[in-house]
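Each of the next two complexes has subunit A plus one more chain, namely subunit B in the first and subunit C in the second.
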Partner chain A sequence: MTVMARPWRRLTPTGRIAVPLLVLLVLLGLLGFLGLVTGIIPGLVDFVLRLAGANPGIVRFIVAAVAVLLLSIPIAFINGYAELKVIALMQSRIGPNRVGPFGTLQAVFHGFKMLAKEDFTPLGADRPAFTLAPVVVFLTVVLSFLVIPFAPGLYGADLNVGLLYFFAVGGLSVVGLLMAGWSSFNKYSLLGGLRSAAQIVSYEIPLTLSVVGLVMLAGTMSLNGIVEAQGGQFWHWYVFQQPLGFAIFFIAVSAEANRTPFDLTEADSEIVAGYMTEYSGMRFGFFYFAEYVSLFIISALTAVLFLGGWHAPVDIHALASFFGLTVPALSIDPGSLGVGLLLLITLGPLIGTLLLTVPVALWRTDWSIWRALLVGFLLFNVAVGALITIYAYVASEVVAGVFWVMAKTFTLVFVFIWIRTTLPRVRVDQLMAFAWKWLLPAALLNIFVTAAAIVVLS
Partner chain B sequence: MTQTYSKDDPTLLVDSPAALIDSIQPFPPRSEREAEFYAVRDGEMLINLGPQHPSTHGVLRVVLKIEGEKIIDLDPVLGYLHRGVEKLCENADYHQAICYTDPLEYISSLFMELAPVMAFEKLLDLEAPRRAQYIRVLTCELNRVASHALFMGWLALDLGGLTPLLYAFVERDEIVEMLAAQTGQRMLFNYFRIGGVNGDLNHDFMSRLGDWMSRALKQVEANQRLLNENEIFLKRTKGLGVVDRDTALRLGMTGPSLRASGVPYDVRRAHPYLVYPELAFDVPTREEGDTYARYLIRLDEIKQSIHMIDQCLHKMPDGPVMAKIPRLIRPRPGRAFAAIESPRGQYACYAISDGTDQPFRMHLHDPSFVNLQAMGVVLPGNLIADTMAIMASLDPIMGGVDK
Partner chain C sequence: MFRIPGMGLAKGMATTLIRFFERKATVQYPEVRQDISPHHRGRLVLLYDEWGALKCETCFQCAQACPIECIDMGGVDTKNRYHIHWGPPEQYAERREESALRRSGRPVPDRTFIPFDPIDVGPLDRILEEEDYDPGHMLAILEKTQAAYGHLPVAALKHISHATGAWYAEIYGTASYYEHLRFELPAGRRIGLCRCPSCTLLGGGRLREALEAAAGTSLPGTSPEGALSLEAIDCHGDSPTEPFVTLDGEARQGVTPASLAELATSLRAAAARPGRA
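After this line comes the complex of A and B, so read on.
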């Protein structure tokens, strides 16, 4: 070990992550090679495939659970970085700009910093509850990921009570927050936990009622069904048919996720950090993780319910057929090219690079030809990447669906961050009064008007 | 063999956390009031706000007795920042004493040195040249704008709004850099001297000042827009922490907090000093006495200050900036009192000379300490969330409170 100590110390933090990963990769490659040669891996694959063929439901569940858990990590980092950067720019600051290009790795390094910190349990804390609380909070958030449809056919589970499942699981997070608040043995934590219980329980009601009108219109509680019911042009989205419902939902959901101006549970100027006060290290990190993932999830749910989910704002096919035209379907079968395919693969990059080099060399006469060639090659790569993306978007409705869901979701994430930068916090009694005196009657009115409209119009 | 435990035994704490849970009173109560306060009845809870809390301004510690989220009683504990400034000043000569008073209100330091300087000048029976007096007013009003700008940011931050603080710091930083160009320091200026100021206005300062003055009013109004039309801000500050006229007078409050309760008392107008009689300015007053009024008063005062800076620049006479004074200052035995209007209220210095080169006694009357008393009248009955807004609206600086 002493042999390794010196080179290890000389590595940069990035290197300390990259080198073990590289070693791991080489070892895995070696193991894979050995497995292939000895025939263990093909046997295993065969066994797994046979098992999977027998139980498609279980396979789907496992794949979905793993995908959701893995997806939550980059989403948390992206949201964390976006929050840092957007708030900074709105406050006329620069924000993170040191780690990675434009500080993009800042959130990742915050995560590593959390890992390196002491994981402290205060004396007098209720140890099991204190340890489990972050897990409960995180799991409730990740579980509600399961029903969000990202594209036609791309979802964790298509429950026929998807919406109810979402609210039920989302409401469970209050258990985690109460556990954290109670077990921390701290009065500020206790106040934060109690506030969160009161807040989330009260806002659950207008939240659930605000989507009843939408469910009546769609005729289903499955999120896939709701998205399908919004097909067509953008005026078929429910935000235009249910504006009041959208407003109530947006407010209630931001209270549900403890976003400003309803972030009373972690109000730093009042009760220090609320239920998180006594947490440190990665347990604290888990709370933050859950917060950022839940920011994504509430945005995604809003996009799915009210903004048409995977549908593009303008349906080109429908528009064209309205004017009596048809959009030609894109059909490329590379196999039909025959020898031409071989020529394309070998000569395409060469010719493309040269073609793109010529204008660069003419534009920058002071550059050497090698430099122009390099730039031309990079440009060619960018062009090919763009072409492949466009082809994927046009040819695959999954890619198009994911694109639109993500675009809408991150727009909403931006709106949530924008709100956080702009508004002060409401007081706890104002919060309660707002939920019970305004949102609840408004949600009931929304249901009544929607029902009346459905009866009259049909 | 029986094992005996003592309170200091570390194993006791480790083995039975219950020893920590039981509240241990460090001292027997010193008064009936204290005994009553710390006797916690059913449903009540004591909670320690400070001395290290994200939003107490400095190291103020307040023990709150709460029922649910409602405050029913409080016990402020002061003295975490006590430096013994008065005693320090008594052991320094007159020039040195000025710089000890600087960090009292560390965001408006110029005022803190102005009062002792004026008191010492009265002891010496000398008057600063008129140009020096204009420079004093000019720099002081700049400092007032910086202090009030910061107040608005803090109030918004304590209400949960993040951005106004950053905007306030933009304005404050410009002023502070400007004053640094003039005085050589960003926060603790130590610029005023007995008999004048340290150095005439320089080019760097004047160019920065001119640059800032061209857009100061617009900036203030922009800040105003961000908060004033914000429904949540209005809901949270209007009618909150009302100090009525009589209470404010009985407590001896001064400054913007008093004027927000409808008493038009301003030392600059009531007991004019320096060249204030020659300047035209209003004393903004409001009747409501709530947090929102205290906020608006400061906004109006910023506008008045900018107006005064403008007048100072126009009326600035030529001449020396230091009077001729002996190097070693030994005032005749006597006493002098000088009061000024600091951004927080009436700040005064009472100095007694015994004929030596050190003040025999120097008392500093700080407005933060007096205004902070209103907390005890106003807080009970409010929610925890509002303690911060009320405390911020009284704008105490703990350096001045604890001295």
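After this line comes the complex of A and C, so read on.
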């Protein structure tokens, strides 16, 4: 080891990262070369492909689970940052602006802070339940992710009872909250857990009933089917056919996800931190993680159920055919360019950068030419990125679907944060009375009116 | 006026949305500094609460903390009896309107300028001698003075101030903080109840409730017709087994809430004029 020690000490911090990576790369390359030469790697790839081809269900499951778990991380960070920033802006503050550009890395650093803190279990706590509670809460959130369709064909599973599955799995989070409250060995936690259980169980009923009218209209409980039933223009969305159902659903779902004004479960100013009083470190972080992901999921579900899912607000093709026109289909086959493609790839960036540098250099004459070149290169990247995005949107209905679902979802996330900034928390008796005396009768009324309308109109 | 339901919600949402797009109030302090005078030390402002009452509690802490003695506090107590002042005498400002009146030569209608009654300072001097003229023993001095004179006369407080060197405002602050020290002779019969934690744990709270209900006033205070005054006293650990209760300064044993209420009622009834219902 002493042979390695001196050169190692001479390395800069960057070098200490780069050199081991280089060594690893060389070793992997060597292994890959050996594998290719001996035919082990092609054999393995062939085996995996044949296995996957024989079991498409399992492959889909694994891909979906991995994708959902990976997606939940940036979603939680984006929502956490949005929460901080939007609330700050609405309170005439600037909000996070120190970590990363415009403070965008603030939520990430909150996550690191959670990781670095001591993960403490109180004496007398029910250890297995205490450890499992955050997992259960997070799991329910991630599992309900699976049925949400993001684009035609882009979903974890198209269950014919998708909506029911969503509510069933979402309702399981009560178990996690109660586990957390009970196992903490703290009366405040227990109080918070029971309170949240009462709240979520109460709001589960109007929540489920509010979508019955919608299910009757769509004739299916598959979320995919519901989105397909809303095709066409934006007035075909269920929010316009089920306004009362939408209102009830929106209120109940915000109570389900513990959003203000129904965030009594963790009312910081009242019961310490509710069921997670005794939690610290990453287990505490998991509750927050689950909360931010569930904010995204309820927004996505609202978008899917009531706002037309992946459909654009205006169907351009239908609109054009109404006026007797046709939208020209954009079909560029890159392969048809031949040698031109090669020229485009090699010379395009160079010419584009130079072309964009000229106006920058003329505009800011005090900048050095290198700086102008750098800005021109960045501008070129932005322009090409925008062009590629537009091309992908036009060419692929999956990209377009994801774009619209995400746009609607994050608009709803903004609305939830907006509501949180504006409204004060309701009292616990008001909360319960509102669910049972107003939301439940209104949901039943919605069902009857919808059923009557279906009978009369058909 | 017809009120549209949900209008308040909509207004609130509109307010927050407008704020979202407005200019922000934050000043990024270390990078951006507001343009203020280098001599600026903040503004001295007296704040008023939503009912228009002055929020200042006359705790004198601002005057005490002010390094160059530019803050000094003066005023009269709530019943216009004593002048209270913190700070050197040459800064003893008077109220603006009084100052004009006094310069005009006419008499100033201020109860605190009426000379207070003189007292025989013999017992007070003995008390001060016992306590070694030590302002650190102020509570003991005040308690003994009250025991000797029945209350704390202004002349006694002035005398204590002169003898010990403590500022009058400090002595007044100490005397007005403790509930068992009083500035006026109690009217009628006196029932005392110790308020220390030990007596409270032994059932003093129930005694207090019964007593206050029977006397029609809160502790410390005087019943509406003036026949009975309740005073908060201190047992100084003399009564380890039950709450310490006194009648006219004499300790009473074995008092229950019921018997105490009965005592208070009978004392009030005895003083009532015959012929009244």
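Note that the second predicted complex is superposed on the first by the 410 of 458 C-alpha atoms of A that agree within 3 Å, B and C clash if a C-alpha of one lies under 4 Å from a C-alpha of the other, contacts with A are read in each partner's own complex, and residues count from 1 in each chain.
The rule we apply is simple: contacts are C-beta pairs under 8 Å (C-beta built on N, C-alpha and C of every residue); 3 or more make two chains touch, one makes a residue touch a chain.
Treat the numbers as computed from the prediction; the structure is a model and nothing was measured.
K.L.:
Subunit A superposed: clash or fit between subunit B and subunit C?
P.N.:
Taken together on subunit A, subunit C would clash with subunit B, as the superposition shows.
K.L.:
Kindly classify A:Asp429 by the partners it touches after superposition: subunit B alone (first), subunit C alone (second), both, or neither?
P.N.:
In the superposition, A:Asp429 touches subunit B alone.
K.L.:
For A:Ser368, decide between first (touching subunit B), second (touching subunit C), both and neither.
P.N.:
In the superposed model, A:Ser368 contacts neither subunit B nor subunit C.
K.L.:
Per the contact definition in the header, classify A:Val86: touching subunit B only (first), subunit C only (second), both, or neither.
P.N.:
second
K.L.:
Please work out whether A:Asp263 is in contact with subunit B alone, subunit C alone, both, or neither, and reply first, second, both or neither.
P.N.:
first
K.L.:
So in the superposed three-chain picture, is A:Trp418 touching just subunit B, just subunit C, both, or none of them (first/second/both/neither)?
P.N.:
second
K.L.:
Just subunit B (first), just subunit C (second), both, or neither: which does A:Asn160 touch?
P.N.:
A:Asn160 sits against neither subunit B nor subunit C.
K.L.:
Look at A:Ser321 in the shared chain and tell me whether it touches subunit B only, subunit C only, both, or neither; answer first, second, both or neither.
P.N.:
neither
K.L.:
Just subunit B (first), just subunit C (second), both, or neither: which does A:Lys187 touch?
P.N.:
Touch partner of A:Lys187: subunit B, not subunit C.
K.L.:
Between subunit B and subunit C, point out the one touching more subunit A residues.
P.N.:
Per-residue touch count on subunit A favours B.
K.L.:
Who does A:Gly124 touch here: subunit B (first), subunit C (second), both, or neither?
P.N.:
first
K.L.:
Given the superposition on chain A, at which of 61-69, 115-123 or 187-195 does subunit C overlap subunit B?
P.N.:
Once both complexes are placed on chain A, subunit C clashes with subunit B in 61-69.
K.L.:
Per the definitions at the top, what is the overlap between the subunit A residues touching subunit B and those touching subunit C?
P.N.:
90-93, 421-423
K.L.:
Could you pull out which subunit A residues touch subunit C in their complex?
P.N.:
Those in contact with subunit C are residues 86, 89-94, 418-419, 421-423.
K.L.:
Note which residues of subunit B are touching subunit A in the complex, please.
P.N.:
13-14, 17, 20-21, 45, 47-48, 53-55, 69, 156-163, 166-167, 170, 230, 232-233, 235-236, 383-388
K.L.:
Could you pull out which subunit A residues touch subunit B in their complex?
P.N.:
Subunit A reaches subunit B through residues 87, 90-93, 123-124, 185, 187-188, 191, 195, 260-261, 263-264, 267-272, 420-430.
K.L.:
Show me the residue ranges of subunit C that touch subunit A in the complex, using the header's touch definition.
P.N.:
9, 12-13, 15-17, 19-20, 22-26, 28
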